[in-house]
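Below are structures written as structure tokens.
Next come two complexes built around chain A: one with chain B, the other with chain C.
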Partner chain A sequence: MFQMDFLDDIRRMNCRQIFYQFLNFAMIVSSALMIWKGLMVVTGSESPIVVVLSGSMEPAFHRGDLLFLTNYEQEPIRAGEIVVFKVEGRDIPIVHRVMKVHEKEDGAVKFLTKGDNNNVDDRGLYANGQAWLNRKDVVGRARGYVPFIGIVTIIMNDYPKFKYAVLAGLGVFVLIHRE
Partner chain B sequence: MHTFLSRVNAVSAFSLSTLAALTFLCFASTFLVNYTAPVTINAANVVLKNVPEYAVSREKHDLGALRFDTTADLTPLFNWNTKQLFVYLTAEYETPSNKINQVVLWDKIIRRGDSSMVQLKNQHLEYYFWDDGNGLLGHRNVSLYLSWNIIPIAGTLPLWSGTGSYKLSFPSEYTQGRSF
Partner chain C sequence: MSVSSAMEENPPKVNKWDGNALKNALDDAVKDVLLSHFSYIESHKLLDGRLMISSVAVGFSIFALVWDWLYPFPQSRSVMLVCVVVYFVMMGVLTWYTTYLECGIFCTALNKDVAGIDPDQIWNASSSLKRFDNKYHLCLSQRTGGSGRPKEARTVLTVENYFDETGKLLYASVAKEVLRLYSDLDSKKN
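Take a look at the complex of A and B:
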């Protein structure tokens, strides 16, 4: 009965209706993209929202917690704050705390990071021969925190089949669902 | 009309939006809280060496060492939206080569429910006090201060410092030998 309903729905759609459904679908995808790109502009960060993927900042952040980042050029980097940075040769950005800062008169800054839950600083994680991070390595600085929510993306990344099933299900639902 | 699925949908949508609203209120209620607190810091046994910092280069850099005392009552910083404090002692100073130098010397995580009194006597540094060169010799104006990063249950991650610092002077000669 439940299935018959939506089959009936499709059967009753004419060409114009089907076209409208696809437009609706495109609208949803593009507004999601616009929100993301808009956040990039407002925060100045190339990825304004990140999910914590490791336990190296426990007990502050656990796997699956969500962080909101900003990356304004004029805000200086200072000891104690939590930055998200990229290291050459590693795809995944790292979320760690700044432990040392040396800033020159002209604003050129080099700094060293460490995870709260790690015993040693991050020099072992940096690229070969790299002793310091620079401003350009920073993806963003942690400004806001919400627990647990990001676990959805972690589950989706761990089980790609589940991800495709969810995406396909949502796509089909939007396409055949009549307003 | 009222199928099982539509009921599940309604209940989960309502609980999700309630949770979201409560989380937002949790953030909003502590957004403007003043998280500063009085702190006393003292230092002693200040020595300075000039040894190669192999983690950075083969060049000799200034390596300071000291013992410190500090007391702070951080109990007022724990409100309903404080999950944890990251408390850290920073040395900040200016050298001819760098306008701003900040080195974290010691840190401590205070979780909700832990004792929130910081009372240290004759405490060793947790991290090496390396300068980025040779700027510490005879330096008379290195300030030590205690700061904290508030980790909320949900909300912003502000950095606050205690009122009270200590002005440190380094000797104008290096200590020779292995021991501090």
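Take a look at the complex of A and C:
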């Protein structure tokens, strides 16, 4: 019964209104995209919000926590800070603490990281032959966090069909629903 | 010129508990009456304006997406900044446009002068229906193109009188109200 009523709304729309429905959908997606890009610009980090994927930083961060990052060039990297970095050639960002820092006068740094809950430092995680990380490997420094919320992202990534189903459902709803 | 329109033959059926659907059905019916009972032409200027603003905004967002993909983040920073700012400015413009310029108008019909000398008569129909309310406010306004203050006629329709129990629109009752409003307006002297 309800299905027919919904589609009826669409049938009564002319070309312009149908185009507007698509534009509406595009605007919602664009708004989300622009907020994300805006955050990237403001924080200076290519990924301003990340989800903790492993328990290597317990008890500080647990799997599923959401982290807010900033990546300001002027701020130096110091031992004891929690950084999110990407190893060259690998996609997945890692959240660990900086253990040792070597700094030159011109500002070039080399640093070593280790997860709080790990027994060994991260040299095993770095690329073959790499013993230190550089400034350019850093995605950002953790500035704040929200616990648990990231579990949704982890679930969506573990069950992609669920993610596509939710997104498709939302998309169809926006397209069909007339303002 | 009373030609039976498609909507008159087959009035839409909506979910009678959905206020939004009721308003849309009534709006469509009013528009249908205005366009089919008189030989008026619909003007799409208002909706076109809205489409234009939205398209520009979405265009900037797509541009930002593509640029960032071609020139990954740190290099694309300034372009990103410009796109984000322009996008949100456009959103502001769109909100202003819908609130102040459009003002609930869902139909603009033009009564073109046959001889082509006099300016067109512009008829605007606007409506509002508050959430969870049953009073549909309809306002018909007439303005002679170019100058002239608009003449307005308003009415309030209680929605339950215009839909039957199954949610089917009672086209004839709506048409009666619209035509009454129209003749009220037409006979009003400035």
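The rule is simple: the second predicted complex is superposed on the first by the 175 of 179 C-alpha atoms of A that agree within 3 Å, B and C clash if a C-alpha of one lies under 4 Å from a C-alpha of the other, contacts with A are read in each partner's own complex, and residues count from 1 in each chain.
The rule is simple: contacts are C-beta pairs under 8 Å (C-beta built on N, C-alpha and C of every residue); 3 or more make two chains touch, one makes a residue touch a chain.
Model, not experiment: these values are computed from the prediction.
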Superposed partners chain B and chain C on chain A - clash or fit: fit
Touched partner set for A:F19, first chain B, second chain C, both or neither: second
Which of chain B and chain C A:V41 touches, first, second, both or neither: second
Contacts of A:L33 with chain B and chain C, given as first, second, both or neither: second
Touched partner set for A:E75, first chain B, second chain C, both or neither: neither
First (chain B), second (chain C), both or neither touched by A:A60: first
Following superposition on chain A: angle at chain A, chain B versus chain C, Cα, nearest 10°: 140
Per-pair minimum CA distance [chain C against chain B, superposed on A] in Å: 5
On chain A, positions contacted by chain B and by chain C: none
Chain A-facing residues of chain B, complex: 23, 27, 55-57, 83-84, 86, 88, 90, 92, 97-104, 109, 111, 127, 130, 132, 147, 149, 151-157, 159
List of chain C residues in touch with chain A within their complex: 7, 12-15, 20-21, 24, 28, 44, 47-48, 50-51, 54-55, 57-58, 61-62, 64-65, 68, 72-74, 77, 80-81, 83-84, 87-88, 91, 167
Contacting residues of chain A [partner chain B, same complex]: 59-61, 76, 78-82, 97, 99-105, 110, 116, 121, 123, 131-132, 142-147
Residue ranges of chain A touching chain C (in the complex, touch as defined): 2, 4-5, 8-9, 12, 16-17, 19-20, 23-24, 26-27, 30-31, 33-34, 37-38, 40-41, 46, 178-179
